[in-house]
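Next up: the structures, one after another.
Below, subunit A partners subunit B and then partners subunit C, in two separate complexes.
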Partner chain A sequence: MTIFLLTGIMISTYAMLVCQRVPALIQNFRLQSLFLFLVTLDFAFRQKEAGIFVVAGLLLLVKVVLIPSFLNNLVKKIRVDERLGLFLNPLLSLIAALFLTWGASVFCSWFLGTSPIAVFAAFVVSITVVLVGFFIMVFRMKALTQIVGLLVMENGIFLLASAITGGMPFFVEIAIAFDVFVCAIITGIFMYRINKVFTHIEVHRLTDLKG
Partner chain B sequence: MLLFWVVIIPVLAVALSAVLPARSRGAANLAAHGAVFVLAAALACRITSGTGVVVFGGVLRADALSAFFVLLISLVNLAALAYSRPYLREDIRAGALSPGQARGYDILFNVFAATMLVVPLLDNLGHMWVAVELTTLASAFLVGFYNTKASVEAAWKYVIICSVGITLALLGTVLVYYAVAAQTAVKTLDWSVIMSRASGLNPRLLSVAFLFILVGYGTKAGLAPMHTWLPDAHSQALTPVSALLSGVLLKTSLYAIIRFAMITNKAMGADFTSRLFIFFGLFSVAVAGIFLLAQKDFKRLLAYSSIEHVGIIVFALGVGTPLAVFGSMFHALNHAVTKSLVFFAAGNAVKKYKTHHLHMIHGLIQALPFTAAAALVGLLSLVGMPPFGIFMSKLMILSACFQKGLYAPAALLLFFLAVVFGALMFHLSASIFGNKPKGIEFGKEAWSMKLVFVSLILLLVLLGVMMPTPLQALLVSASRLIAGEGL
Partner chain C sequence: MKASLLLLQAGFAVLGAPLVSGFIRKVKNALRMRRGAPLGQPYYNIVKCMAKEEVVSEATSWIFRWTPSIVLGSTLAALMFVPVFSFSLSAPGMGDVLTLFFLFSLGRFFLALAGLDAGSAFGGMGSSREMFIASFVEPVAILSVAVVAGHSASPQGGLMACSMGMSFSGMVAAAALFMVVLAETSRIPVDNQETHLELTMIHEAMLLEYSGPSLAMLETAAHTKQLIWFSLLGAILWPWPVGSSAALSDIAAAAAFFVLKIILCAVIVGLTEVSLAKMRLFRVADFLGLAFLFSVLALVISGLGY
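What follows is the complex of A and B.
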């Protein structure tokens, strides 16, 4: 079951690299968060802890419902060109992502030593997700992709925490979820402002400040 | 209860700023931050004279290190608040801000202050992470306050780069959590609990975790090469906020790094963190020196100088002897006071000349004599001239370095400091002296601004000439905590 869900996370992560339009990227992020929610839910059923159910519910609310809808609304409101603006085309991005996955697995086998296959797989997937999130931030042009990349990185870390440690302490999880939500809102507001002042949201063209 | 009030007063000030009219709002804020400063001093006294730890409700915990940082933050908060009253009043008079925006500023300022004050008081490393991220989010609007192209760009870079950095720090925090859970079967993120069990933790895990922590929080602390957001944010923010960013925001991240370094040192000896600290410290001073030489913007100049000073603080932590760590903490305090002074002076100059360009700001001494005098004192202190505090702390750090036999790093540090000295002297003396351009009238500062300048200058001299005994006791116990009991 866990391996199945992890595969789902992997697929949605790779899908983010091949998509070329903003709504597709947001949709893939939603899908990834949904799988993350299912992983957490699965975990909650096995641990039978009320706290983990609450964390899973919060994940569903914040990352599957609220943040993607907020971003979609924002994109509609600023009516910007829907293309993502790729510095690296989908095929090359995918190849890079495969290398990242391989690197993550090397790192994990050095790091973990011998451990159950499910833990190992979860570790590799989560590190890959963090790396791909970073990749999206660097190799896509729009301000929106940076927000999504950041959220993807945070998804990866969340997965890592629940995979190897069974989740962070309850109040820490709640605080982090709140923080991620506020972060998404605030970066969204700034994206809106960038569009207003510069009439575009392409971050590689923000080069007034130098030196 | 003391800790509770330190945290809750700024929150109350947020609520007051939202409802009170302009005139009483200023007084209420000043009273609130004055009270926080007094409480911070009381906390420091209680910790140095008592058992060394004060806790509240299992969430808040303060030892000498926390008390020192709370004192530092509340001091700069108070100074920045006192300076921002006349600063904003001029902006409103000039039409750059509306009264509504001034209220927004007060609210954001207090949110920012509250998040910074809570960072050193949280025992749980996960909560601390959240608080550090909230400082970024709270200050982002203060960086982009004027809503111009440059300020929005700066705010965007600030939020995104710092959030990525902080995300890496979260990864490091998760790894530390895993290390503790794997080794001791205790699932906790409480620093005090982890510290008491740190000696058995897996060194390989901790070394990777610490790398993430250093790069992550180091981004926000302004360590080179992750410093790229810093000059943009510092130069575009409102001047009182620049002082806060430079004087204390960078240090709250440093505080987080120090907490993790203490765990790592206990688990695997000080060599690992020490080498990293020395490398990043020297690299930051070097990068700052190069960019300072070629700088054209007044406030960016000061921003790069902040990178230099953070570099010195981190370098001293790397040296790691009690004298060096004492010097490092002392340097953090000196830098916060000096940088506030210079930023305030720079803010007045930029407002008077209506430009950030150094080659257009000349003859400040003719245009704004009082500000020019403050800038000159700040400059001399910044480059490390006696009788100011920075001279003393640099002297401590360098002599600790020589005592430990680290000749090459000390020589490199001295060389880069000489570059910084030359660059700052060259740029700022040209701005302070010389003839003022035509069209710039002779001006006067508000008396409350003068009061802020004078008190900061007096404090600088006091720190350099004779350190007050309670402060010394606090610094000694804080550096003893960091350097470990055995030293």
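What follows is the complex of A and C.
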């Protein structure tokens, strides 16, 4: 069961690299978070701890409902061109991501030795998600993708923490959830201001400001 | 005994295959809050076509007349190579998983030729698109099934997955295969079954010149092919070897389980179809490129032993 859900996370992560428009990217982020929520729920049922149920609920509320709808609103409000602006076309991005996953799985088998399938899969998927989030931040032009990339990386770290250590302490998780939410809102407002001042949110053009 | 069971299984699959298409349509209509056509509509279509007179263009050659038989025949032969109910039932010593894909290509080759044969613009367009997509689909299908078969150390289609249990590489391969299934059964991100006479269609464009019993044969072949793909996908996604013995009770249990797997596949496909928009033809390369990447990923993971 866990493997199904982990494969779901993997698919949505890879699908993010094929996206060429902002709303599609946000929708994929929502899908990824939904799968992450299901993984956490599955985990909670097996651990039978009330704290993890709360964390899962919080995940559902913040990452599946609030943040994506906030980002969608932001996209509507700043009314920029919907295209992401790819530095690397979808197929090359996918090949790069394949190498990232390959590296992750080699690292995992070196780090963990022989381990159960579920642990290995969770480890590989979480490291892939972190690396792909980083990749999205670097290779997409719109500053909005920096937020999404950061959130994706956070998803990966969350998965890693719950897969390897059995979840971080309850209060840490709650703090992180709110932290992420506030971070998304602040960067969103920041984006809005950037768009107002410069009439675009393209990262590579912002480097001109260094003078 | 075994041969008769095999024929029984094939007959059940062929007769049940149109129902799967009808069920997917029903799922899609339910999600769109429509009533839609009755569940048995594909059967009515086939029966209606059987009763109709056939019109064949004077410009066509023997290829056009032979294609329906070849397509239906190769599809029925392919049915013998996939694990439908039970892994013990598939034809022994006849071939392996590559034979399955070869039989599919045989049908596709003749269908593409028949599309070109009548000389209409639509048919040729459909054929060229079908070949374009096939060039992406075949490597992915072969690689991902080979990964699963290699992981379970059994290259024979029928026996595949029976000793495997769930594996991470199998799941990733199934993800790749799922995209292939969408492309091969002419589902939405690649093709659209619901439209006729549109510039976007692929499979329907090749069948455009057919009428009467030939059309019924080609439609039966399409439904059966869809069932074959679903059972392959189901065997990889849910590889529980119910009834690896040939005892009747085991086979009955396997048949019930098979129906469940097909229903699950159909629901998933219906959901996917409703939630996606049709892609531009040249975006299909990206879509199936993703599928190829998944199959390579499955190979990598399988190489590490998971």
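The rule is short, and it goes like this: the second predicted complex is superposed on the first by the 207 of 211 C-alpha atoms of A that agree within 3 Å, B and C clash if a C-alpha of one lies under 4 Å from a C-alpha of the other, contacts with A are read in each partner's own complex, and residues count from 1 in each chain.
We adopt the following convention: a residue touches a chain if its C-beta (ideal position, glycine included) is under 8 Å from a C-beta of that chain, and two chains touch if they have at least 3 such contacts.
Owing to the predicted nature of the structure, the values given are computational and were not obtained by experimental measurement.
After superposition on subunit A, the partners subunit B and subunit C are accommodated together without colliding.
When both complexes are overlaid on chain A, the residue A:F45 reaches neither subunit B nor subunit C.
Of the two partner chains, subunit B is the only one that A:T187 touches; subunit C does not reach it. Judged by the number of subunit A residues each one touches, B leads among subunit B and subunit C. By the touch criterion defined above, A:L150 lies against subunit B but remains apart from subunit C after alignment on the C-alpha atoms of chain A.
Of the two partner chains placed by the overlay, only subunit C lies in contact with A:S105; subunit B stays clear of it.
In the superposition on chain A, contact of A:T7 is made with subunit C only, not with subunit B. Legend: residue contacts after superposition of the two complexes on their common chain; A:V197 is shown touching subunit B, with no touch to subunit C.
Look at A:L91: by the touch rule set out above, it reaches subunit C but stays clear of subunit B.
In the overlay built on the shared chain, the residue A:I164 is in contact with subunit B alone; subunit C does not reach it.
Least inter-chain distance for subunit B and subunit C in the combined superposition, rounded to the nearest angstrom, is 21, based on C-alpha atoms.
Annotation: subunit A has no residue touching subunit B in one complex and subunit C in the other. Residue ranges on subunit B touching subunit A, taken from their complex, read 124, 126-127, 129-130, 133-134, 137, 140-141, 144, 147-150, 152-157, 159-160, 163-164, 167, 170-171, 174, 177-178, 181, 187-189, 204-205, 208, 231-232, 235-236, 291, 294-297, 300. Looking at the complex, you find that subunit A touches subunit C at residues 3-4, 6-7, 10-11, 14-15, 18, 90-91, 94-95, 97-98, 101-102, 105-106, 109, 114, 117, 120-121, 124.
Remark: subunit A residues 111, 130, 134, 137, 143, 146, 150, 153-154, 157, 160-161, 164-166, 168-169, 171-172, 175-176, 178-179, 182-183, 186-187, 190-191, 193-194, 197-198, 203, 206, 208-209, 211 touch subunit B in the complex. Looking at the complex, you find that subunit C touches subunit A at residues 166-168, 171-172, 174-175, 285-287, 289-290, 293-294, 296-297, 300-301, 304-306.
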